[in-house]
Amino acid sequence: MKKVINQADNVVREMLEGFEEAHADYVRSLEGTTVLLRKDAPVTGKVSLISGGGSGHEPAHAGYVGEGMLDAAVAGEMFTSPTPDQVFEAIKAANGGEGVFLVIKNYTGDVMNFEMARELAEAEGISVEQVVVNDDVAVEDSSFTNGRRGIAGTVFVHKAAGAKAAEGASLEDVKKVAEKVVANTRSMGVALTPCIVPGSGKPSFTLEEDEMEVGIGIHGEPGIERKKITSADDIAEELLQKVLQDSVDFQGSEVAVMVNGLGATPASELYIVNRYVQKRLRDNDIQVTHTYVGEYMTSLEMAGFSITLMKVDEELKQLLDARADTPAFRK
Amino acid sequence: MEMKTEQAVAWIEKANALIQSNKEYLTELDQAIGDGDHGLNMSRGFQEAEAKVSGTDYDTVADVFKDVATVLMSKIGGASGPLYGTAFLKMSMTVKDKDPVTEANLADAVEAALNGMKQRGKAEQGEKTMIDVWHPVADFLKNGQNVQADKLEETAERAMNETKDIVATKGRAAYLQERSKGHVDPGSTSSFYLFQALADVWKKGE
Amino acid sequence: MKKVINQADNVVREMLEGFEEAHADYVRSLEGTTVLLRKDAPVTGKVSLISGGGSGHEPAHAGYVGEGMLDAAVAGEMFTSPTPDQVFEAIKAANGGEGVFLVIKNYTGDVMNFEMARELAEAEGISVEQVVVNDDVAVEDSSFTNGRRGIAGTVFVHKAAGAKAAEGASLEDVKKVAEKVVANTRSMGVALTPCIVPGSGKPSFTLEEDEMEVGIGIHGEPGIERKKITSADDIAEELLQKVLQDSVDFQGSEVAVMVNGLGATPASELYIVNRYVQKRLRDNDIQVTHTYVGEYMTSLEMAGFSITLMKVDEELKQLLDARADTPAFRK
Amino acid sequence: MEMKTEQAVAWIEKANALIQSNKEYLTELDQAIGDGDHGLNMSRGFQEAEAKVSGTDYDTVADVFKDVATVLMSKIGGASGPLYGTAFLKMSMTVKDKDPVTEANLADAVEAALNGMKQRGKAEQGEKTMIDVWHPVADFLKNGQNVQADKLEETAERAMNETKDIVATKGRAAYLQERSKGHVDPGSTSSFYLFQALADVWKKGE
């Protein structure tokens, strides 16, 4: 395991300390917790947004704390949802009186922990609403299972719902926007290498030199299918097809695109993927209004990437264009 | 067996010992069909739970369980944290004012825990989760008159092993669909350790 | 070789196309070249800044094209300096009449190619000045050799000299600022894994599971010393010592810090390094005024990082604070 | 030998053939003490140079060299691009109006190339760069009366091999300091191929 760390047990704490020192003009930590708050939290007169989840997805989620996006991010251990008490502390500290909105990625752990925090907060009279993001099309949706995973599309929720909250919208309206994003966003990823959780020290799976895992999540779980690596264009095409053939009808519409690096894949390769994605969408009469290429939602040092499409209307376009000023996302 | 605070504390100590020595194994199981943190999560949570209950004087078993619930809830995280937290919270509520805790009380407590977990996690039996261990154990405790500790352990162990053939429909393993088959569920394994530890304490108290 | 590419020969071209499509609001390509220009180039009334070098260092250098930084970036093949004709085209296209300033990293190839371009431009009557960045302290400086390498500190030159140019400063004054940055900036890096140039398909060197290369450059060259991997704090300390003991006297002064990821190292690890760096500098009475943590100057998919310190005065602080709006750096 | 445009073109064709078949080897050499692109750079440059000169009708050797210079300068990049570009540009200037190019002219051309490269790259002999091959070859050509092709090749080859023991003070290998010892310099190796190709053409013309 080649990692630049001290003790595995201290990785999350030390990372948060280093993050706070790097971005002290944006965030401050909440003493005794793994919560990073907007420096000026609680911001009164607006709904507060909170997201979080296991660590290992940096810059998510603390990187999105700031004007126009999140009011607080709650970090769990590596790939492990934070506990209800931490989320509850974040809710109390971020609440500016207009209610708190939770952005939860759809994992059993995240949903349970955040919902328990919500119950604690509601018991104290704080209005809390939530959205559960499930953009990953890798696994068929089914009412018998816990449904689909939330992956890179979550960043679009932070951006759009965050901008809506910044406008002074009500908790109900922020929720509506978040739900609109979720309803219109689809993603799919691929991994070329596994990643290693510091505490375990072992790769999450093994791949041959010429293999890739298609339909990968962001926690080092194995994907849906193991295949031979093909060309950038072919891989992009395979992911795009899954995304386009899912339940959102992107045909003839406007979309925002995100090509998200999972960790070790160089920016040059993400741009090569983006080149294909843009061409393919153009050829199919889908108009790209916003493009984001970079590392937005990672999986430690995994090599690979995901493609996200969000169908946008006037409101979503305007929310994407709205000002955002956070360590990892500025507009 | 009757459970007093000593036995309750001993249960947690024994459970922790089993979890610590199987930490890597639990993580391996979770790497196969999950995200590879179950051993770390359980180890972190039970280490703290044991430290808490070993260092505290308790009046009632309910108080022991309550502290365990609080620690697990705030230290494990992930899917298993809220579930084990809920389990001990429900057990604590069920054995409130029972001193000592009888076998019948314990049977009620485990059943309450099971129901709480099912509600929290929205899983039923047969979905390849820890519910698959808690369910038969709860049934076993409820139906048995003068239950034997060995049988308790056997029931949990068999149930754990049976998760191997199930295709997961809840938890992370569900993303693997058919590929989740052929692996024992990590959470069922940690639950087995919990009941193995209970059986152990039980035997000593018999 | 696990890469998301099509043909190795097309990597640079396709990457540039994908880059342009992702950042069309910032840049436009110069037909038939590997040059990316500010969208509104040539900008009149200001000195134009041009940087460039081999590809594989993304987001350098095209990521820094935009307001307050570069007017153009010239991309060579992977780790190979661009040729004089390409740089010459960039100079002609970016020149807004106030002269052109070249930011060159100190490699024999880069220096020669850029200087030949400069000669071509001067022959056509364009005023050209340049700075050669040599911040890497890994190798002792010596007048018998080609001197030290230019690495992540180059980004500070882009920022400060770019801001100076944006103020409307003369070519001479832009050069002075660039030289001040170079005189006050020192860096040192470490690698945990090698990288693979697409065209060669083989790792640049091999390291055991427990080894690292200290004093690494950004081209997959072997470093200065091969060692056992130690803790994050120890590695950071080793790099910092080399930087602090070099010829710039940082003691008691104000500094800007950059913890730069080389490619595959997760942000979490960079923040752990930053935590130590901040503590160590604080303990040594060096005051950090600006902190940058992230991937600024990479080496394909290499795992590792570098630490850069720049001693700042009022002018440099103000230039770092000045507005910048580019794909990879915003202020 | 006297060099006409045919020989000049044949030289580039032969040099290209040698470079293409040793592309991987050049890259390996550059991986050991450089950045691993020398094979790629030379292959790209000479491929284009050969394509250019093979497909063009020339009046003079100087024109052949001029085209080679232009292509190498705009296609190789890195350190070797400007150096080889400069070399052919200086050779072109030196043999301007010489038709055919005599051995003496060629000796002058190589010396001019060497001086141009030294000026451009600021390296002297003994710094573990391609200069270490060009220098002895220039000397050999200047001093010899009726030079033999075999000897030319030998001189270049020996010079190339001798770079192995040198500690680099110029080019990327200089960053390795002592660790640069024990490896043959990649640029010296590609320069050897160039002179090997020249010797080959020379032999055929003798």
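We just call them A, B, C and D in the order they show up, numbering each chain from 1.
Here is the rule we use: contacts are C-beta pairs under 8 Å (C-beta built on N, C-alpha and C of every residue); 3 or more make two chains touch, one makes a residue touch a chain.
Since the model is a prediction, treat every value here as computed from it, not as a measurement.
Engineer: How big is the gap, in whole Å, between where the Cα atoms of subunit C centre and where those of subunit D centre?
Structural biologist: 32
Engineer: Could you put a whole-Å number on the gap between the CA centroids of subunit B and subunit D?
Structural biologist: Each chain's C-alpha centroid was found; their separation is 75 Å.
Engineer: Round to the nearest whole Å and give the separation of the Cα centres of subunit A and subunit D.
Structural biologist: The mean C-alpha positions of subunit A and subunit D differ by 54 Å.
Engineer: Quick one: which residues in subunit C touch 2 or more of the other chains?
Structural biologist: In subunit C, nothing touches at least two other chains.
Engineer: Could you tell me which residues belong to subunit D and also touch two or more other chains?
Structural biologist: Counting only residues that touch two or more other chains, subunit D contributes none.
Engineer: Work through the pairs of chains, note which ones touch, and then classify the graph as line, ring, star, complete or other.
Structural biologist: Basically the chains just string along in a line.
Engineer: Touching pairs of chains, which are they?
Structural biologist: A-B, A-C, C-D
Engineer: In the complex of these two chains, what residues of subunit A are touching subunit C?
Structural biologist: 1-6, 11, 14-19, 21-23, 55-56, 58-59, 63, 192-193, 209, 212, 229, 231-233, 235, 259, 263-276, 278, 291-293, 295, 298, 300-301, 303-305, 330
Engineer: Report the residues of subunit D in contact with subunit C in the complex, numbered from low to high.
Structural biologist: 24, 27-28, 31, 33-37, 39-41, 44, 73-83, 120-122, 169-172, 174-177, 179
Engineer: Over in the complex, which subunit C residues touch subunit D? Could you list them?
Structural biologist: 54, 76-86, 107-109, 112-113, 116, 138-139, 142, 144-146, 149, 197, 199-200, 202, 204-205, 217, 219-222, 224
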